[in-house]
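Some structures are shown below for you to check.
Consider the two complexes below, in which subunit A is the common component and subunit B and subunit C are the respective partners.
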Partner chain A sequence: MNSKSKWGGGWILIGPILIWGLAFALPISSVLTKTGMVPKTMMQLISSPYYRGIIGLTFKQAGLSTLFAVILGLPGAYMIGRLKFPGRRLLKSIGTIPFVLPSILVVLGFILVFGNSGLVNSLLRLIVSDADGWKILYSLRAIVMAHVFYNFPITLRVVGNAWSSLPRNTYLASRSLGASPIRAFFSVDFPRLAPAILNSAVITFLYCFLSFAVIIVLGGGPQLSTLEVEIFRLTKYQFDLSGPAALAIIETTFTVAIILALGWTDSRLRRRNLDDSPAVRRELERISTGKLIAISLYLLPIFVLILTPLLSIICYSFLARSTRAGTLALSLNHWRDLLHVNGGILSVSMLSIIRTMLLGSIVAINSTINAALVSWYTTRKKRAWILDALMVLPLGVSSIILGLGYLIVIERIPHTTMIRLMALIGAHTIIALPFAYRIVAGGLKTISPRVLQAARSSGANTVKSFLTVELPMAKQSLITAAVFSLALSAGELSASIILAPNSFTTIPMAIYRMIGTYNIFAASALGAILICIFLIGFLAIDRIGDSHT
Partner chain B sequence: MSSQSLVFKDIRYTRDSFDLYINLHFPKAQLTVVLGPSGCGKTTMLDLASGFLRPNSGIILEGDRDVTASPPDKRKMGVVFQDYALFPHLNVMDNVAYGPLMRGFRRREARSIANHYLDIVSMRSVASKQPSSLSGGEKQRVALARALATEPDYLLMDEPFNSLDAAMREELRREFTRIQKNTGITTILVTHDQSEALALADNLALMRAGRIVQAGKSRNLWDNPVNLFAATFIGRTTRLRVKKITRRTPGISRVETDAGVISLEDKFCDVDLPATLVVRPENLQVSEGKHVEAEIEGLVEETEYAGGYWKIRLAVGDKTNLIDCNMSKTTPPMIGEKLRLSIKPGSARLLSGLMEDWLRSNGCSQDACLSCTSLGR
Partner chain C sequence: MKRTHILFLFLFAFCQPLFPRGDGDVAGKLVVYTYDSFSSEWGPGSAIAAAFLEETGIAIEFNAPGDAITTLNQLIRDKSRADLIIGLDNSLLSRALDADILEPYETPLLELVSPEYVIDKSNRLIPYDYGYFAICYDSQLLETPPTSLENLTSKAYAQSLVLMDPRTSTPGLGFLLWTIAVYGDRWPDYWERLKPTILTITNGWSQGYTLLVTGEAPMALSYGTSPVYHVEYEGNTRYKAAEFSDGHLMQIESMGIVKGTEMRREAELFIDFMLNEFSQKILAMNNIMLPVMKNVSLPASFDAALQPGKIIPYPSLATNSEEFQRIIDNWTEIFSQ
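For the complex of A and B:
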């Protein structure tokens, strides 16, 4: 190895590093410096009973949500991993839906199904006409329920995959050595599943810990607030940003500690399970009719639970009430309003769709190009772990904090629309970058270096071999990364709410405001559009058939 | 260990298009090797023996005891897997002590049992290591110790030496034979490697497409194959298409092949055409001098030095009749030279069918017929 191959191609990192520095490092470090590194504000915050309550509630709701999400996900993980039954593939793909949905749609769907005049209560009133209805909105229960719905697919997928890749023979060995099925499971299989269960639990916990839309809407106000929501409120409604900055540091300290603890435990657990022998995988077990019935007792509610909110959003977009307490009737009003052009001026909803797509496209191009450049470099170099880590680092910081950082950066300059927009693009790019990077790097890694050597020895130079071999082979993952980035941007709410200029509304922001003004039906029409965008996006990814996601 | 025989009586197991039907007796305290191409159902047979699979019909007897419905943990089978299947989260000692623990021993007793068996396989020194830090051969020894530590009545081994390099394989085989003889444990070993089968087996069972083709002492399978599959899957053979069989003197028949006329005892000629004459390479000798009966003739097409002797391939008639023979001379014959080979009396066999028909009817796919490499390409 000469010095050329050690540093060769390093110049292509200039762009990505510049963007990473400006769009991520700068805002985050400005959050850190805002508190002046003096822990006085932080100590004040921690010692106040109000904030201690908020920290407590943040942990409590995340803990409860995680517990129930894992409990709900495990039976499905077992079915995916071990059993062969009609609907197994469907469970796998339907199970991904809640996880990829924008949180604002989850919130909207939840309100439509469980709201005071939602589907459940309407059915209840059909049966018992003078029923009071089930009041669940604006409570801890609502938050936990929405989080469980939103996050149980993590356990379903992660543990399900681990379960299906368990080796056949260690289990059989333990059975032949005298262990009963239950004992064999706990002494041999469980240690292998443990890292997956731990991982999905911690990821779920982090998602709930940093959850925003679910809590701010379904929590219903300051009495049910978490760190993330509190940072948002202080940022949005307080002139001095040092308060939210201090809270942001507290929150980030917790998340970083959790991530580090996970990394440590996970590597310990995995080291214990290190097994380099070529293991035979276990075959899926065929099931009897009795078991099939037992399975459907789990599957049917799951399918109903996942599909009802989505279908409700679509159905409600075609309904309207004549008066506030009037009866429901079929109506195309909201769609007409959406598509209505009044004297050459588009409706707010239509504008939000156009703006969301524009913003999303810019973000997709931005993050995919940056991800591709960095991946190109890291797949070639041996010691690129630091770049790997830098690319994934933004995952550890919540969008609200990122938005706060941008606000602090642009505090001193006049808030022009252009600067706000740039900040929004920057924030969304940084939010999408870790995912785009993982997808592209994963795709590039599967290209054998032998193929490139073959291209080079056939006479292609670096540029030509990149254009004629690497790029076509990486096309799938590049498209996947772009679509994924677009989808992330189109569903993003918290950073947009903080950073978007007043005149600029994205679809999630519009839905959020419509929910706030109880304009549920218009929100549903826009929600249906967002569902379509996601559906088309993920169908596209599915068609391309890239497995790295 | 109180080893007994194991009997598969009318065992049938069907799954999708695969159908397995076995009647076989595994004699007490002996090592029975089940040999067959990959996909023939060897592992399924082991899974049935150990109770991981339940047969659709038939019974499995351990001595006189019917164990067909017993779960694996209630049978006394030690299993050694091809991929070792050591528990990665347990160290070597705990891997071997696992079985005794599950069978109700206290931890201390289980460990002393484990120590004993680690001694037997000379692995005591690595007791505290994790499996991931062991070499392939070491893992295999530990896997054997783990299987033996429950003091099973039977030992089942699934291609146990397959993933080892040649030298390690030889050494472990020898050591394993010693341990098997010392413990006197009834052992079933499945493999697709014929040299391994011949080296280890007290008894040999040849399996193909879910059926036992032939079973018995290795020597008998070698000398008296029941059909073309048995003749070609074990060892190399020369196959000559038979054109005509005529009876001449009482007790002797005249067999006409592409490569010449061979006289054979009548008792070996009880087949109808189409038929194939098979001869093992070691039963062919280069004959010099006068032409005699029971000779075949052809042109040298290929010579290959095999260390100590030459492998010669003769072209006879059309190309399909290539003849394999081993020649222990210092210099090989010239390519294109005419060579006459005599067949050792009583060593040739007539088997019904033709190789090419047989291959065609099997689609010559890896799993249905013997692997193409064992056909001499």
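For the complex of A and C:
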């Protein structure tokens, strides 16, 4: 390290640290201080049978969802990791879709497919005309099904990647020593897959544990409520901030404990595999016709499962009922309503689109700049793990809790619309920051230090080499980070619903309200637009990712 | 850094017109706290506010954080920012009066209101419409509607009723009070029996009622006047309100002037405006409730409204009392897993 980069480091962090402190540390610490750290409220909550039931259900639904999501994801992971077949790349890409989708779209698609007057029941009634219908909504089953759909791609991707990078030599050695393929799998492959399976299971569990839209729409009521929904209900409806703050601490204690347990088990599991020689990847197997049939038995339902809800949303946006209970007919009404300008006033849906895009752009710029500044610093310092950890820390806090923290902060000042908007931007920035940081830091790390030395030795100073060499080279990761941040902000529901000022409606909020009043068709039109935003973002990232590797 | 800040400011300045103009510039506007469906584009609020602006030149700004319970909670917290509150019903009456956040207003128009609707003799809360809670049903899905609260627990109705959460919804609270009025201290036993009938419990009325009209559920808690909507706007008599032999609870919605307002005269004008024939009609047609003023004529569709043979009084419970909190706690415990 020369003296230049020493002074060049410090000041660049002022901005990001200020934002991190104001937008994350302040609200979260006010949640902590709100309860006065007094265990009394917490004990009261834990000792009430109602809240014990809530905690129990939170674990139960997350556990069941994780179990089924992993079971559903493993065969696909095996296919991606081991087999060569037509559609492998497609499975990999399509498998990512549910995971990046905003949860409100998952909920909407689920209602369209499984609702009492949805696709499945309509088909059922076509076959058996006086069928009672399959009542699935508003049950634990519905919650678990939606969660499985939403989260099995995690196993598909994470375990699939691990499977494809298994070392070749150890496996071949064990086979040549006479082990059967099954035995070789359990003694050689499985221990190496275990960390990936564990990781995907824990990530799935955390997502379901903190799930919001799925629970509040498909469950709901005191019978089917979780910690996250309960924190929301107390905050939003009862204007009680210390009760939810206590629940937030309970919830966060659980999530932190789970993350720590994961870290500990993960490192133990990995230690056993340390002696692996640098992996020479095993080749993908070509498959027989028999296996091809088995694969399509898995793939077809998976594609149907993923695509039907999405296609339903798009189809429904072009339908309408003559009356509330009338027959369905093709119609452009909802799109016309959406684009309709009445005396210079845009429709609520159109306004929500503009606001979502503006909010998303501000969030994207904000989080990408901060991520870039911090990554620029951490990639050239050796002991920057603290900064690394700080940047990723917001992942461990749920959006509802973040929103609650902001409410506690602005409770004491007169909250004008402007302050509420700033809070919303701050919350979204913090939600996007860990992802943006990971992406940008990953991009900057790939730049060889030699390139920088070359730039320096030809006379460029730190700033100049940053602007002329690093920035252009990191451009792709910066764009990816910005697109990803925008997408996250555009799909975010729970913090927005708590923080957005009156009459400031984002797309997910509008869809949530339309589902609430069962204005399914208008919700679908807006949902179709959100799908487009996500597909464009997803394709952009997918392509950039491709040209990157 | 500097450049990004400037860019940031620019973005902000550019976005300003697209963001809602709100609490910052309320001078000269009458700030009205109300529940969300009152002030939404489809609710009665916007039409009444527009007519009021035209007649008096006074603009209304609605602040609608959610249900009436939420609205009252927020008003108690920041009363200095409101001039009027609209939408408090019988169950919230004692709580609003105890919080001492309202000023009395003896409008001369009260002479035209039947005394049975005047729930607050101190005239701090002035009634503007009323209705009866009732279980509404889809006559195409349900051939024999329930005839009493007890009948509702019958196996024939398993998994078919949508209720609302009494912690977040006034009809939900109304239904809980209804069961207390009928069953007294034995209401928790009744709810245990009712549990198998409940399909789901929603946060608010509109979420719950739409489950009925979209065919997701054959029964939902609503009002005796709800069928009027379907007759008036859809010309169908498919949705009906079931008459219960236990009798029905009468909900009266009221409004009041917030204590310490600097716009007392304007607030009085608006209260009188809410009671004129124009507004009373809009309230009836839009809220689908019955007008409290005697001189309002209603269309024939209102014949579809339930005329309960028996009306039962609200159980006397202060909603902020410890007793009330205990009831809510008991209620949630019935649903503990």
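For the reader, a short list of remarks on this structure follows.
Rule of thumb we're sticking to: the second predicted complex is superposed on the first by the 533 of 549 C-alpha atoms of A that agree within 3 Å, B and C clash if a C-alpha of one lies under 4 Å from a C-alpha of the other, contacts with A are read in each partner's own complex, and residues count from 1 in each chain.
The working rule: contacts are C-beta pairs under 8 Å (C-beta built on N, C-alpha and C of every residue); 3 or more make two chains touch, one makes a residue touch a chain.
The shown structure was predicted, so the numbers you read here are calculated from the model rather than taken from an experiment.
If you put the two complexes together on subunit A, you find that subunit B and subunit C both fit without a clash. Contacts of A:220 after superposition: subunit C is touched, whereas subunit B is not reached. In the superposition on chain A, A:44 contacts neither subunit B nor subunit C. Residue contacts after overlaying the shared chain place A:458 against neither subunit B nor subunit C.
When the shared chain is aligned, no partner comes close enough to touch A:122: not subunit B, not subunit C. Once chain A of one complex is fitted onto chain A of the other, the partner contacts of A:56 are limited to subunit C, with no touch recorded for subunit B. When the two complexes are overlaid on their common chain A, residue A:173 makes contact with subunit B while staying clear of subunit C. Among subunit B and subunit C, the chain that touches a larger number of residues in subunit A is C. Using the contact criterion defined above for the overlaid structures, shared-chain residue A:520 touches subunit C, although it does not reach subunit B. Chain centres taken from Cα atoms put the angle at subunit A, between subunit B and subunit C, at 170 degrees to the nearest 10. Following the chain A superposition, subunit B and subunit C show a smallest Cα-Cα distance of 44 angstrom. For the contact definition in use here, the subunit B contact set and the subunit C contact set of subunit A share no residue.
Chain contact summary for the complex, subunit A toward subunit B: residues 167, 169-170, 172-181, 183-184, 187-188, 191-192, 272-280. Only residues 47, 50-52, 71-73, 75, 77-79, 81-89, 98-99, 102-103, 130-132, 136, 139, 146-147, 149-150, 163 of subunit B touch subunit A when the two sit together in their complex. The residues of subunit C lying in touch with subunit A in their complex are 1, 4, 7-8, 11-12, 15, 18-24, 41, 63-67, 69-70, 73-74, 77, 140, 159, 163, 165, 167-168, 198-204, 206-207, 210-211, 213-217, 234, 236, 238, 329, 331-333, 335-337.
Residue ranges of subunit A in contact with subunit C, taken from their complex: 12, 14-15, 48-50, 52-54, 56-57, 115-117, 135, 137-138, 216, 220-224, 233, 236-239, 323-325, 348, 351, 354-355, 358, 361-362, 365-366, 369, 414-418, 421, 501-504, 516-518, 520.
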